[in-house]
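The same subunit A turns up in both complexes below, where it pairs with subunit B and then with subunit C.
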Partner chain A sequence: MNLWKFSKRNMIHFFMILLMLPIVFMIIWLFVSSVYNYNSGRFSWVNWQFLTRSFELEGISFPIIWPIVMNTVVFGLLITVIDLLVAIPAAYAFSRLNFFGKGFALKFLFIMGSFPGITLLITSFFIMMYLGLLNTVFAVVVLSAAGMIPWHVYILKGFFDEVSWDLEFSGMIDGCSRFKCLYQIILPNMLSGISAIAIYAFMGAYGEWLLIKLFIFDNTKLTLAGYLAKVIFTDDDKVTNIGLITAIGLFYTIPIGIFYLFTQSTMMKVTIGGSKGV
Partner chain B sequence: MIKLEGISKKFGDTTALENVSLDIKRGEFVALLGPSGCGKSTTLMILAGLLRPSSGQVYFDGKMVNNVEPKDRDIGMVFQSYALYPHMSVIDNIAFPLKQRKVKKKERYQKAREIAAMLQIDQLTDRMPSQLSGGQQQRVAMARALAKDPLFLLLDEPMSNLDARLKVDVRDEIRRLQLKLGITTIIVTHDQEEAMAVADKIAILQNGKIQQYGTPEELFMKPVNLFVAHFMGNPPMNILKCDFLRNGNERVLSGEGFVYNILSTKKLSSEFKGAKVVLGARPHHIQISKVQQENSIPAKVVLVEQLGREKLIKVLLGDNENTTNFIRILSPTDLNVTYDERVFLTLDSEAIHIFDEETGKVIT
Partner chain C sequence: MNLARLKKKSYPYLFLAPFAILTLMFFVIPALATLWMAATNLDRKMKADFIGFGNFQRIFADINILPIIKVTLIYVFFSLVLTVAFSLLLAICTQYLVKNKKLGALYRVIWLIPSTMPGLVYVVFWKYIFNPTPGGFANKIVMYFGLEQPISWFNDAGLLIIIIAGVISGASGGMILFSASINSIPEDVYKAARVDGAKDRSIIRDIILPALKWPIMYVTVTSTIGLFASYNFILLATRGGPVVDTTTLALYGYQQAFNRLEYGYGAAISVIVVIISLLLTLLLFRLFDFNKLIRPPRIED
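Up next, the complex of A and B:
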């Protein structure tokens, strides 16, 4: 019996490690590619020079990376905050209140969430141009948040639905106004949902490069994803610098890995739709 | 004093409550009793202010409170699910209503501890609700409801999630507390035994209407209609459809498998002129005998259940095999009858109830 248990656990570990190997291998390869030149067969840290100084490569200027890391964090937090500030009250209304056109609005949200944002790019570009908001962080923040909010409202509504009416009624009887009920009783009981949405929003912002590529022309307003996109999408006649891509790519991945280590326990509790994991 | 005046509540096209009026005196323990969907919980929600009545007025101490928010109504409430705040410890749960009243921290925890001690949960105060058993959660919910010394206590099926033995303990406890604090209490329940055990007065509801409002004895002994008669008491009252025959001074009930002569001392409502009635007799008001007596009804035993303190005997009425009218009788355990045995039943003439079949109203 004990032996069976022991070997069963070993089997699980064995397969988990087996499945993990390709990913570990890829990360190691990324690192090796960034420091090893296959043609000359020499090791060098030259591809990591963005850590210490700005430089120019084949006509493209690369600023030093730390202000861009800062930009990324600010940009990510800004989108997360805006996303939560809009999505939480909206989801609360969809879950708890009855209002005219609720069913229609929900369906519309669903369509909005499913609509590929890329098809709206041209219109968004013109709108931002007429509003004079091109090359501003504001434009990217608004468009990026607008793209995420419909789904997040949908998911958060599921979490609100999970909190029983009795709890809210109880709060009202114990002396809370509707608003107090929301932040003293309901929100603390759906923290896992809110943190999930916050993580989605931050990750979405972290990975956002198309909007940045399109709307930001200024090196000082780049985020990490945009920085990476700068190397990949060079002009056709230029040779792509694989070493530099792998170096920036690896640098770009590290924070996500660290972030995941801290948030995975929250993420594991959540399934989309709002029910808690068993 | 609570007063409901002509309360109606509609949800879309369905009517949940229709013209409900109720008077509750200070210090009274009132049960709202009825089957599910009868409107008892809706009534409680309206009292709590969680629902607005479609029409009618609610008065607390003579003041109309229709538009008063639940938080300003000075009530404590225990929900069926207990609705303890899962993210707060027991003591924080109990102190929460006081916190909302901006009672100082030290004061409110002291008060919460007093209440916890009164409900014998003072050793659980640091636990989280998820670490408590059902009975303990119920006590915490009671403590939280009582913490702010409310004017009224509302209990919504507070015992339906407890097992049978615990239920009896808890209902005694609730009654003891209510008497000790003298707090006006309204309990919603579907369990007539529970209502009879704790309440000073019972309002029995069906289809959104109050059928009868009175003391448990009144409801049990003098039901005003068939619904109340059938709902109160377990096993339920035996109900037999029959014809009402007038023959000079004699009044005879004749149904499938039985004929019964109502003793002339029994008064009947003079309003009743019809011919179709329903005879109601409680299981313990029927005697079984092995010999025929005057005005007795022949029957055949089809089932004998030993309940411990007494026997529950099911008999088929009539002296031939073709009847389908059967009734249940509670009799002392020393009565020795067996399956298929022929017996004779005598009804206690003073204890029977006769209802108009058409309206269901009592005519005795």
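Up next, the complex of A and C:
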């Protein structure tokens, strides 16, 4: 009878844990599989060979991973910097200045944010080909930044909206110009918003694989995401390749997982409409 | 004097300039070029002749188009309904039914894992579970229970797997939004309801669900827009196959261009996807008061 009461009271927890089982299984599997040799059925480090040398998969050779890691860091930082340099001034104008066509521009911004990016790939490909920028990192950097920035402007606008006008009034009474107000008063008051966008931009760059797959043909210029995507596309559903793929996948996921743990409180400050605590 | 005024007037545009240039180069021009390309027969021969609405006529005559529209509708409808329902379930369970706040938050964090882990890695898990060879996880189970032949799961039920995987990783976005809304309901409301003898079921039906009306609407419309254009998971898991059994309209446009090198035709399909997305976005504007987002500045230059 007591047991019945206990299980009735805790039914919700049983239910929640039952629902979570696949996720827990997935995480455990990812770690186990990365050191499991599906050929011999034994545990081994052979899947991690990409750390020390280049390897072949289905006849295509993949380079050793460390230069790829370097590419990823450079690529991520480049996109983050461009993103911030472009998005912050634009968001400031949208939030705190008046200009002709603001309502229309804001609507256009919203449309761009929800525009299906896949539909622009075809012509972007031709434009890059025409400019002779295929197989260059530059092409991927600007395209991926251009895809992310509309949303980031939108979110940053929310943070600018939150900064009290009284702060700016008092700044102006003390003789600041509006520009001086921006960088001495407003920006320091929304550092959490700026860091959230920086994190988003870096994470977006870290996850970008389709642009890399389409625009970069040289395997030594890949980023980690592009590398993993190429490996996945090369694999032809053989179970024996899964150990290698999960090892690369884990190598790719662990840094971003740690990064996420440290930054999630910052990222959670962003909700719909960009204003905090909606 | 006039110079000073000009300086003031041009001030906002200077702030907008980098964004405007980037947008013009890599959004507006590609978008216009897509429209142009959709009216040409550009293909692997790399020769573009203007053919007007020829590509659009071709879409109507394409024998693949009806199955693809069917796949797209099934995919969007079921993903949408299941994602919203599941994220509601998770939000109500973790925020209201689980009384221990810390445990509730822990459950939510675990549900965030599938959406925060890279899609590339997430898809590998599903590809292993439903691998068509006897070594795949699901096949190991069914063969342990006596099945002779391995099942090629993605061929037989690819769309179902794609929808389920999408729901599991997509539920957390709605969950976060909904549980924030539930959290903002004052505790006194529940207390008053309980004094009046309300059970959990009627509290959920009469207090929580009405409070979630707008968040649910928002998630529904934005998810529909997102689902119509989504391709990541499908492209990695099945590449649209077998034949077109898991090909959505957006993916079909991509494949026409990049696999079959029918650039003009692919662009025409993209134009249709864009039109559908735009209509949905306009619906979003109508449902939510967009003008209140445009606040006038309180300092006049």
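We take it that the second predicted complex is superposed on the first by the 239 of 278 C-alpha atoms of A that agree within 3 Å, B and C clash if a C-alpha of one lies under 4 Å from a C-alpha of the other, contacts with A are read in each partner's own complex, and residues count from 1 in each chain.
In the analysis below, a contact is a pair of C-beta atoms (placed from the backbone, for glycine too) under 8 Å apart; a residue touches a chain by one contact, two chains touch by 3 or more.
In this text, all values refer to a predicted model and were calculated from it rather than measured experimentally.
Considered on the superposed subunit A, subunit B and subunit C are sterically compatible, since they fit side by side.
Once the two structures are overlaid, the count of subunit A residues touched is higher for C than for its counterpart among subunit B and subunit C.
In the superposition on chain A, contact of A:173 is made with subunit B only, not with subunit C. Look at A:156: by the touch rule set out above, it reaches neither subunit B nor subunit C.
Applying the stated contact rule after C-alpha superposition, one finds that A:185 touches subunit B and leaves subunit C untouched. Contact with subunit B, but none with subunit C, is seen for A:164 once the two complexes are overlaid on the shared chain.
Taking all C-alpha atoms of subunit B against all those of subunit C in the superposed arrangement, the shortest distance found is 5 Å. For the contact definition in use here, the residues of subunit A common to its subunit B contact set and its subunit C contact set are 169, 172.
On the subunit B side of its complex with subunit A, the touching residues are 48-50, 69-71, 73, 75-77, 79-81, 83, 85-87, 96-97, 100-101, 144, 148. Contact residues of subunit A toward subunit B in the complex are 164, 166-167, 169-177, 180, 185, 188-189. Residue ranges of subunit A in contact with subunit C, taken from their complex: 12-13, 15-16, 19-20, 22-24, 26-27, 29-30, 33, 38, 85-87, 89-90, 92-93, 95-99, 102-103, 105-107, 110-112, 114-127, 142-143, 145-146, 149-150, 153, 161, 165, 168-169, 172, 178, 206-207, 209-210, 214, 225, 228-229, 232-233, 237-240, 242, 245-246, 249-250, 252-253, 256-257, 260, 271-273, 277-278.
Those residues of subunit C lying in contact with subunit A across their complex are 11-16, 18-19, 22-23, 25-27, 29-31, 33-34, 37, 90, 93-94, 97-98, 103, 107, 110-111, 113-114, 116-121, 123-125, 127-128, 131-133, 135-136, 168, 177, 180, 218, 222, 225-226, 228-229, 231-232, 235-236, 250-251, 253-254, 257-258, 263, 266-267, 270-271, 273-274, 277-278, 281, 284-285, 290-291, 293-301.
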